[in-house]
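Here chain A shows up in two complexes: once beside chain B, once beside chain C.
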Partner chain A sequence: MSAVATAPALEVTDVEVVYERRDRDPVRAVAGVSLTVGRGQIVGLVGESGCGKSTLAKAIVGLERPRSGRIVFEGRELSPLTRRARPIEETRLQMVFQNPFSSLNPRRRIGAQLAEALQMAWSGSRAGGTGSLRERVTELLSLVGLPANAADRFAHQFSGGQRQRIAIARALAADPTVIVLDEPLSSLDASAQAQIANLLVRLSRELDLALVLISHDLAIVQHIVDEVAVMYLGKLVEQVPSGELWELPAHPYTEALIGAIPRADGERTLPVALAGEVPDPSAPPSGCRFHPRCPYAFDRCRVDEPEQIAIGRGREVACWLHEPGAEPKRPGELAAARADA
Partner chain B sequence: MSAVDAALPPSRLRRFKRSRSRSAARSWWRQPTMLIGLTIAAIWIVVAIFAPLLAPHDPLAQDFAITQAPSGAHPFGTDELGRDILSRVLVAARNSLPLAVLLVLCAGTLGTTLGVVAGYVGGWVDGLIMRLADLFSAFPAIVLAMVVTASLGPSTRNAVLALVTVTWPIYARVVRSLVLSIGQAEYVQAFRLHGASARRAMWKEVLPNVMGPIIVLATIYLADALLLLAGLSFLGLGTQPPTPEWGSMISVGTQYFQNWWMATFPGLAIFSAALAFNFIGDGLRDVFDPQSQIGSGARGGSESVEEDA
Partner chain C sequence: MSALLELQGLSIRLPTPAGSRAVVHEVDLAVEAGQIYGIAGESGSGKTMTMLSLLGLLPRGGTVHGRASFAGRDILSADKKARQALRGRDLSMVFQDPMTSLHPMLTVGKQLTEHARKHLGLSKGEAAARAAQMLEDVRIPDGEAALRAYPHEFSGGMRQRIAIAIALMCEPQILIADEPTTALDVTVQAGILALLDRLRREKGMAVVLITHDLGVMSSIAERISVMYAGRVIESGDARDVLKQPSHPYTRGLLGSLPQPGLGAGTELRSIPGVPASPLDPPRGCAFHPRCALAVDACKEGVPPLLRRGDHAAACIVTMRDVASEEVVA
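Right after this comes the complex of A and B.
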């Protein structure tokens, strides 16, 4: 019992997703990722477009079959979705999709969609509360800040932010312990982003809900998450508790991402864009995947691929600059050293 | 309701409420083309039902006064056997229209079923069904139908049978692609993650979204079916004389082209009925579009509920 209680809610180990293509090289969209999400923890997964974030999200919930690796949810290994109904225990792992305009059925009333999700959870004898179905639907809607009469409407009658709330409400219908959110904020305007972000934090605290929040926008994520995992070209390059990240990013890529956040500090400093594009994932660069764009790359980076190494409490980085044998030289220090010379 | 009541200004609230109660029932047929289509179709349906009462003469009664021009006694004239063309056009509606509906129902059911099976099962079953569909649509429909009727023998039943075999691929293709694309939709994936089997997702989420487009398609192809049936009769492979049928009446009429009325009036009948079905199909497309204000039963298409978070 205690072993279960202390086990992480979600444990992803060396997951690799490969897309086979006819007549062309296969794409390793996710090239071996390990990630642990504790109960009630909010983990941000950050990276540029095309780095495999969404593929990883689908693999985690079982919509994509990984070539290798394990996904352990609540102590049991999760198998990818087949034609059969997913076992009821596994439905406590939920997902919210990127586009709120395609994640709701256009032809069914919101209430019917929520009620059906509730019924599926109930039929698995997991009582999601008391009261009639209709009351539970109302409860779910109020949980995400929508009026009860929203149940009688269709998806197209709502704005993007409202739809995203409904999508979250539907995920909540399964009484989840982990929700994977694939860019839940990117298609919303700034005020809706803030509302949904606050909603997510509140829900996570109230319901002891773990969230995997996928985003390409470090600026939004920083305010919400407990831990950040930075992904580049199918691999995690850095994992760090959120607070530490801002003090001193360990990986040059993380540094570049932070540098690219616009700042309103009155000093008119323009964000620094990282040069170049994300390379073709079917032909990743040799050695460290980031070396062609890395300002600190040296010979070894072009040949050997760095493994993740622990550089602090709960902090891991995959970069030769932090190799244990070598003198630790973080990008910030290195830049300072260059400025002195 | 109360939250909306509080949030909306009175003018918008009034419009919102009115639209919810009345405009849904009022507006979907209010588009002009839909109205025209429905009117013509209704007239033809009434004609088909009451043809024996409406027809001024026996459609089969022959007269030695052949190929008479339109007159008071015979408003549409008479044909090469002296039969009243008006009566024949009216009575032919009883044959042509139900046949067209039957054809669309059979081909639509067969095509939809095969399309769903192909899209759902996939693999070699999908391959087999779709290659069959390719095979049947590689030839012009009327040519293939001619081959089938020629081998089975010309009759009304065989004409319908032949046209079912050549028109089902239309529905199968559309349904298969809809099943595949909707099956990948995020709301279906979300439904699966809640513990629904693929079959349940198919019934509950995919098929309801497929039916709208299929009904629209079927209505538009009702016009096509009418023309194809008339075409086969025109070629002498469909309904056999002396039963009045629009296509075969035109066929005979073209042999007497100096008597313009013989082909013109059945032609107008086909034209008006086909046009009506096309109009209705177009109108239904809007009705079944959940985005359109007409379809959903509520006006506030882009309006969203105002709410305080």
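Right after this comes the complex of A and C.
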């Protein structure tokens, strides 16, 4: 086996993205993030707005230049996009944006837009499949659950969910192995959201396609993904298989995110609000970045910044409540035990 | 006791390139003082249009039919001046995107006080004091500095709370909140829901909460109406509607929500197809092409709201026991 075949689909190591500002302190939007995405794996990246998740997504596909760190796609280190065309191998890393209405051309028929994407992929000599361009367009549309005659229509003739399907079809034209999706579900109604969520899971399984799903909606993300990475103020605070997330969040921030999700159970229970605001990323708090909002913070949290440590089976958490290698426990339980000790 | 806000047979027509079309059909609803009333539905279901019509904010050429009254006074036939006095003072509205409802070039303080000085006749000093208090109520830290700041200096959640503070400056009897938390993070959303619930309890303010998010609805609404393609298709006590949904559309919406705790790979149950266009709805029950329970009769007449006690649903299949012979036949 070659090195490429065994490498993970995407490997992000210590990536830092800094925005310089005139007359003001620079913002470290991504303050050192490492993340590995296996082949065919679906990874969710969640956090509040302003936590840096979209910046990280842009850095992964080359739309932002990291100040430091490495992004390795299928064993090759990526360089940021320039005016020149991206090397053809790197087009197998694709991105889908939040609002499909602004990423689709309103004046060109859907078929023409998909054909263009296919031609770009084919011109790089990589076989993009068999059959005529028209047949491939039909095939792409059917992959995302749209009829062949969708090719003859314009973006405005579709609903939000259908437009998101078209945006996904266009990303699939390059025969990608990884797609980074930035909030692909958040502009959609509930029923369309469920349809697109199911579509993403099906495509990933059928095409052995890895997905990085950026979202602020933990409830829907944990349904779709294999693993969740929780981001707060430019750093990952927890990485956990999605099956364990709900029952046993290890980081106080993850616990707060779950508690804030309203349940449609008719019980009129208010979700729990997280105290305070997301701090200014140009002046992050000392020690643990979450400590001013953390109900369990103790002295050390205000001074020392916690590194990510391994806990349980394949989990990582950046929180002083946990011991390296220990079984994961709820933060409240650990904080109570600390108080007793 | 009569309701604070009451709509009877409210219908709305909008001009389209293909001629005038009805987009909202015969909506009845009654909001009591101090009640949080939820209107659920997806985009295009007519929930926002219904509320805009009360404020006289329909798109150009739109017409309203039927009756709407606020505290016993007719709203629809009121002249421009009476309507202006009503909106902003007794009845205010908060929109989904605070960036479009806040003026980017005016300070937050100016936007908060302008309103109260006009409607309540407060002096500059009184208005400023009230504004600072209001910002504290919506938990904006450092109110004094916030009054001098511009909207872009705040985060999305803070902007929405400022928009709510502006809407609440004149202590309205009813607040119409159109997707007030949809653009926000859940953590911020939780704070805004708690705020609305607190204002209801402490000030007796009624809220019409328009949202497609049934979780949000469930956390604070007492009564719910669900709209589809311009009609109310189910309404009742929030608990009944969410625990025992009677319309297949409401059931589908609830089913498509992610279930907390069910892990990766569990398929979400989605409603097949796409929402009906309000401009060109299918014949009969507008939901029938997407409905697993549909029978031939569903393609014929528009089903009426059928009542089982306090809970009503416009479905001749699930409400068969209360449907009259003619409706089913």
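As a convention for this text, the second predicted complex is superposed on the first by the 316 of 341 C-alpha atoms of A that agree within 3 Å, B and C clash if a C-alpha of one lies under 4 Å from a C-alpha of the other, contacts with A are read in each partner's own complex, and residues count from 1 in each chain.
Please note the rule applied: a contact is a pair of C-beta atoms (placed from the backbone, for glycine too) under 8 Å apart; a residue touches a chain by one contact, two chains touch by 3 or more.
The model shown is predicted, which means the values in this text are computed figures rather than measured ones.
Student: Looking at the overlay, what does A:F97 touch: chain B (first), chain C (second), both, or neither?
Tutor: So A:F97 only meets chain B here.
Student: Counting only touches as set out at the top, which of chain B and chain C does A:A256 meet: first, second, both, neither?
Tutor: Touch partner of A:A256: chain C, not chain B.
Student: Tell me the contact category for A:Q162 with respect to chain B and chain C: first, second, both or neither.
Tutor: both
Student: Which partner does A:Q195 contact after superposing on A: first (chain B), second (chain C), both, neither?
Tutor: both
Student: Is A:T13 touching anything from chain B or chain C once the two structures are fitted on A? First, second, both or neither.
Tutor: neither
Student: Residue by residue on chain A, keep only those touching chain B in one complex and chain C in the other, then list them.
Tutor: Shared contact residues on chain A (touching chain B in one complex, chain C in the other): 159, 162, 195, 198.
Student: Please output the residues of chain A touching chain C within their complex, sorted ascending.
Tutor: Listed in rising order, the residues of chain A that touch chain C are 42, 48-50, 159-162, 189-195, 197-198, 201, 216-220, 222-226, 241-243, 245-247, 256-274, 277-278.
Student: Please output the residues of chain A touching chain B within their complex, sorted ascending.
Tutor: 61-63, 81-88, 90-91, 93-95, 97, 99, 102-108, 113, 116-117, 120-121, 124, 145-150, 153-154, 156-159, 162, 167, 170-171, 173-174, 195, 198-199
Student: Mind pulling up the chain B residues that touch chain A in the complex?
Tutor: 1-4, 185-187, 189-200, 204-205, 208-209, 212, 290-291, 296, 298, 300-301, 303-305, 307-309
Student: Once bound in the complex, which stretches of chain C touch chain A?
Tutor: On the chain C side, the touching residues are 42-43, 141, 155-158, 185-191, 193-194, 197, 212-222, 238-243, 252-254, 256-271, 274-275.
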